[in-house]
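The following block contains the structure, expressed as structure tokens.
Note that the chains take the letters A, B, C and D in the order they are written out, and that residue 1 is the start of every chain.
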Amino acid sequence: MGNTFGQLFRVTTFGESHGGGIGVVIDGCPPKIDISEADIQRELDRRRPGQSKITTQRKEEDRCEILSGIFEGKTLGTPIAILVRNQDARPEAYTEMKGTFRPSHADFTYEAKYGIRNWQGGGRASARETIGRVAAGAVARKVLEKLYPKIDIVAYVTQIHEIAAKIDRSKVKIEEVEANIVRCPDEAAAKSMIALIEKVREEGDSIGGVIECVVRNAPAGLGEPVFDKLEADLAKAMLSLPATKGFEIGSGFSATQMRGSEHNDAFEMRDDRVRTSTNKSGGVQGGISNGEEIYFRVAFKPTATIAREQSTVTASHEQTKLAARGRHDPCVLPRAVPMVEAMAALVLCDHALRQRAISSGA
Amino acid sequence: MGNTFGQLFRVTTFGESHGGGIGVVIDGCPPKIDISEADIQRELDRRRPGQSKITTQRKEEDRCEILSGIFEGKTLGTPIAILVRNQDARPEAYTEMKGTFRPSHADFTYEAKYGIRNWQGGGRASARETIGRVAAGAVARKVLEKLYPKIDIVAYVTQIHEIAAKIDRSKVKIEEVEANIVRCPDEAAAKSMIALIEKVREEGDSIGGVIECVVRNAPAGLGEPVFDKLEADLAKAMLSLPATKGFEIGSGFSATQMRGSEHNDAFEMRDDRVRTSTNKSGGVQGGISNGEEIYFRVAFKPTATIAREQSTVTASHEQTKLAARGRHDPCVLPRAVPMVEAMAALVLCDHALRQRAISSGA
Amino acid sequence: MGNTFGQLFRVTTFGESHGGGIGVVIDGCPPKIDISEADIQRELDRRRPGQSKITTQRKEEDRCEILSGIFEGKTLGTPIAILVRNQDARPEAYTEMKGTFRPSHADFTYEAKYGIRNWQGGGRASARETIGRVAAGAVARKVLEKLYPKIDIVAYVTQIHEIAAKIDRSKVKIEEVEANIVRCPDEAAAKSMIALIEKVREEGDSIGGVIECVVRNAPAGLGEPVFDKLEADLAKAMLSLPATKGFEIGSGFSATQMRGSEHNDAFEMRDDRVRTSTNKSGGVQGGISNGEEIYFRVAFKPTATIAREQSTVTASHEQTKLAARGRHDPCVLPRAVPMVEAMAALVLCDHALRQRAISSGA
Amino acid sequence: MGNTFGQLFRVTTFGESHGGGIGVVIDGCPPKIDISEADIQRELDRRRPGQSKITTQRKEEDRCEILSGIFEGKTLGTPIAILVRNQDARPEAYTEMKGTFRPSHADFTYEAKYGIRNWQGGGRASARETIGRVAAGAVARKVLEKLYPKIDIVAYVTQIHEIAAKIDRSKVKIEEVEANIVRCPDEAAAKSMIALIEKVREEGDSIGGVIECVVRNAPAGLGEPVFDKLEADLAKAMLSLPATKGFEIGSGFSATQMRGSEHNDAFEMRDDRVRTSTNKSGGVQGGISNGEEIYFRVAFKPTATIAREQSTVTASHEQTKLAARGRHDPCVLPRAVPMVEAMAALVLCDHALRQRAISSGA
């Protein structure tokens, strides 16, 4: 259980890091949406390992194949299944993981939960699982663009360790994000971040940071009151990504040190519609979008896999030491940017369909 | 839609702030759990308005009635319906809200979503909705205590505006939380917090803060990998509460400034079982509990309702001014403590049942 | 679990035959639908006990109260909770049931499943549970009528024991159904049926029969392929009603003795649209409505409660004899007619909303 | 939507008859169940085309590949994805279907619902979709056998057109079913059935019939009261299979002509447990299994594809004639037997896990 996301635009991912492959089935996609393997591959390439010097040097092409649900370039309304074969299958590289619990990984908890685990390369807990999410996110984006042609979802790195970027949230473009390998649209900060990541990698260590995401031109009315508030579903979506530790929307934790008179967003008429003068709310009020920019931030911890020796225990409960060998990301954030966008697209697409079900006409 | 929470322990709330009442239906509760109206009332009294000088002075008894699902003091396995009648029904006090959108409230977004709203006292967006959650949380807690007799869920205020408390997360007791009206177990900080809340109220303003929650003695193995990670469901649960803006688990946002070598929790044998030496993970790894303390923090914004005059627009799109009259909470946190505990109990209870479905024997 | 029906128009019922009451929460109802307590009460009155000489003589008014979700006569888009208080609470009349399993009732299976049961009057297994369904069905019908103004859902008794009625499915009107107390629009057959039911009751026995339901002017396109086929959801809906043993759509079991060349419904152009010349399909092809009349039949067994002495065992596993005392329906069909209509309305309304979510515009 | 079945043992199928392949993802399978591709292939071979002279002569091997969820022969608790590639891809054979609606097929309704369809070989409405169900059913059976080692699920053809078989439901073995190509364990009837099917095929026509299924040694306590009654979920499961028109459990439609005194199943003590003397209930009372044999019957219509010329209309709404060319099943029942067993296994497995979630210990 727990491998399906969404109520109407329902995404089910499958696959371990080793084995036949990784994939996703999307049920509930509206018909007649243009979609091609290239649309999906473009997003997969943004999360692919080996894409730059600051990511893991594993080489996996991660080519996607659409198995069903699309015919002559258009969605059929039937389930869209997408498969990416595993290539870098060197289980022998992981034999050490068979008997030892890697600190701050899921080895121990999977064992506690299931009494069995695929110890090769992280198994289901591997970040390879996010391939399915990114592929589904590419489809969700297409649906959203058909429903709301001006909608725009952009995520970017806004902080790496102690280096914070200066970014104009309302203007940042995806091209600026893609302009450098750390996916931070503040060029100066990006340079420092890249240098820091390289240094940390040389030291056999890892670092974390913050990704911010902004959604522009989403309509008012998305989000269901009470449990499925838009920010609640976004929070769940983000905290379901590997290595995340926190989520905040709009003013976030900084709201806790404001007064109501500072924090409230006054309403005003602007562009002939009801707008807010400020946007501390982050585009969501009472769980429902208000037509302003939706923005939120996600905290990522430093990668758990590090080259330094660490204390741990074996599966047979003996004390031991462990140091990761081989190739891993010293910092997950550059590759996590498309994951954040994908999850945001999934949440919005699901709520867009939910809103269509009850609105206009009934 | 969006009024149901949980997969196996399924909670559906209903009710507006004005109208016949507020309530909840719990489907999926295991049979033969001892539960009484007093168990539920105890928790409802903790969230009740008018309970102290720093909460709203509205007087509502919020007496619960169990309509079904419990027989001779025990759960039947059938749906448990609980109803609390609305008492403070003075719709005339709200006529101003009929035609005007209150800043940072849900008036405008409900109108945008549904094209209709119950404008009396916030309707469905009122925090009265949480009555159903707190009642269900009381039942969930009973189930958890039967499954794991030593489990302990404690939430408390850890920050009000700029006043931060010092609290030993591992030792804090619910009695210490209940010892003062702001529900902060650091007595000195609590005094300052109470004074500040009173001052802010006199100034016609409001403030926010942070609630922390710790779950002790939960077993390892709760939480489903991928989308229904324990922290993802906790994040959703907390962000679905009114006035919340952020969530962090374990190290949270502070993890973004650590290195992997600092952040990783080494495993060790302790008490004859696998333990972690530190607990930056917050008791969850790979989305599954590891048997350590689960702890997280929730950011609450300052109450949107303030006595000061604010700019806004009317439903017919004219600029106007609005100042809240009457009774409201200058700070929601004291009453939000039982809500946070309730939502934590709902998440844990649901995952406990989910884990039972697949474990031991199959 | 198992007390919720529907994906988008979600209905959760609660309540035992004895205790605080019986009710329903409807989540996902579109906003701005006109609905009043009178609309709901009209349907409840059709299923009410004591409505005629051939139903149980229990007197329960079954007055409904709308607790939430409706404001100034219109749905809000928020959960609609409806409560009917239990009145005929004479638990002492049921003490015999406490220790003895009634044959072909749910006493034994509830005990086997839950290890506990409310033995008063059937508890959750009582047909009183259908109050919630009928109330929700009244709301669903209102939604359907707004979406498809010409839609028409009519159920009627077509067979009681060996008495079969002659009814023109395409023309039968609800007024004709309501014209007699057995709800069979063939007056001659109805008379015989009523006489038979009275005779059977005098003999301390019970009988069953068949209810047919026809839906006219439903649009083409309702129903989801594969698992949630329209006929699959109708079958589930009907088999979830108490005392049902079978379901058939269109040609049903008679199709098993036809050849394809007889059974296939040729397409033709008629009324300027694609129609079928015959309708063996029952209005559904490949799980999706085709715009023709949807019709199906439901088999009801004879009421399990009979006045004759029967062999059974006690809860402590001793052989005993049991004869029902007091008031019960010798034949459930007259009161089941509104239940069948209600469940049909719930299925169609749910699929109508599901279809809206994916169609037109995306 | 509508491509997922089950609450806890959740099965999502995907794939069109033409395109990359057909498959299934199973989420919620308990860990540590032994399962191999051979276990799945065995069942797939029973539904494979070309398996005998009375099925379609299409040749497709339908080899399955397990993509995920199984490691070293055991389930991991993670999603099990199974893929069967399409081979018989001759879209040119189907060009006629592009522009013409085949009578009693889903061509017209898919067009009405989605405004687009994959016209090659039936697309998603093809019976090839059931490959995913049969594969998942093989896994479900393994889970059930681990939970209840003596459980036994056997389906068989009991009627073809007017030929009815004589079968002892309580004793029939799967080997007897597999002993002939029509899967009817009454050898004499089987011979007549085979002869009739061959004759009907020669005449360019098709026929239907009835499949019965019996589940022996299921425990008491499976099934959720109210909407998810065991028989309701079985009815849905069966009516979701292609070409089905009816379902009856236990006494079924014959119950409508019995009296309560004949129909009720008296309880008695037997084998040291509570048993029923007769089993008109079909093993289910109040929606919950009572430990007796669960048995039900499913009506299948004659195959819609026939070689005879039929009247129909084109997609551009012109009258035309159509006669199927090529290879098709003159009677679907022999290949539907494993489908019925698979769907029964899915329902029971799901309810077994649901029952585990609430029972014993809580």
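Just so we're on the same page, a contact is a pair of C-beta atoms (placed from the backbone, for glycine too) under 8 Å apart; a residue touches a chain by one contact, two chains touch by 3 or more.
The structure displayed is predicted, hence computed values, not measured ones.
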item	value
Partner chains shared by chain A and chain D (touch criterion as defined above)	B, C
Pair joined by the larger number of C-beta contacts - A-C, C-D	C-D
Label of the chain whose CA centroid is most distant from the centroid of chain B	D
Separation of chain A from chain C, taking each centre as the mean of its C-alpha atoms, in whole Å	45
Whole-Å separation of chain centres (CA-atom averages), chain B against chain C	39
Interchain centroid distance [CA atoms averaged], chain C/chain D, Å	26
Where chain C touches two or more other chains at once, by residue number	1-4, 7-8, 13, 28, 31-32, 77-78, 113-114, 124, 225, 354, 357-359
In the complex, chain A residues that touch chain D	1-4, 8, 10, 12-16, 19-23, 25, 27-28, 31-32, 65-69, 71, 74-81, 83, 113-118, 123-124
In the complex with chain A, residue positions of chain C that touch it	7-8, 28-33, 77-78, 143, 146-147, 225, 353-354, 356-359, 361-362
Residues of chain C touching chain D in the complex	1-5, 7, 13, 101, 103-106, 108-110, 112-114, 124-125, 129, 159, 161-162, 200, 205-210, 220-229, 231-240, 242, 244-253, 255-269, 274, 276-277, 280-282, 284-291, 299-306, 308, 310-313, 317-319, 354-355, 357-359
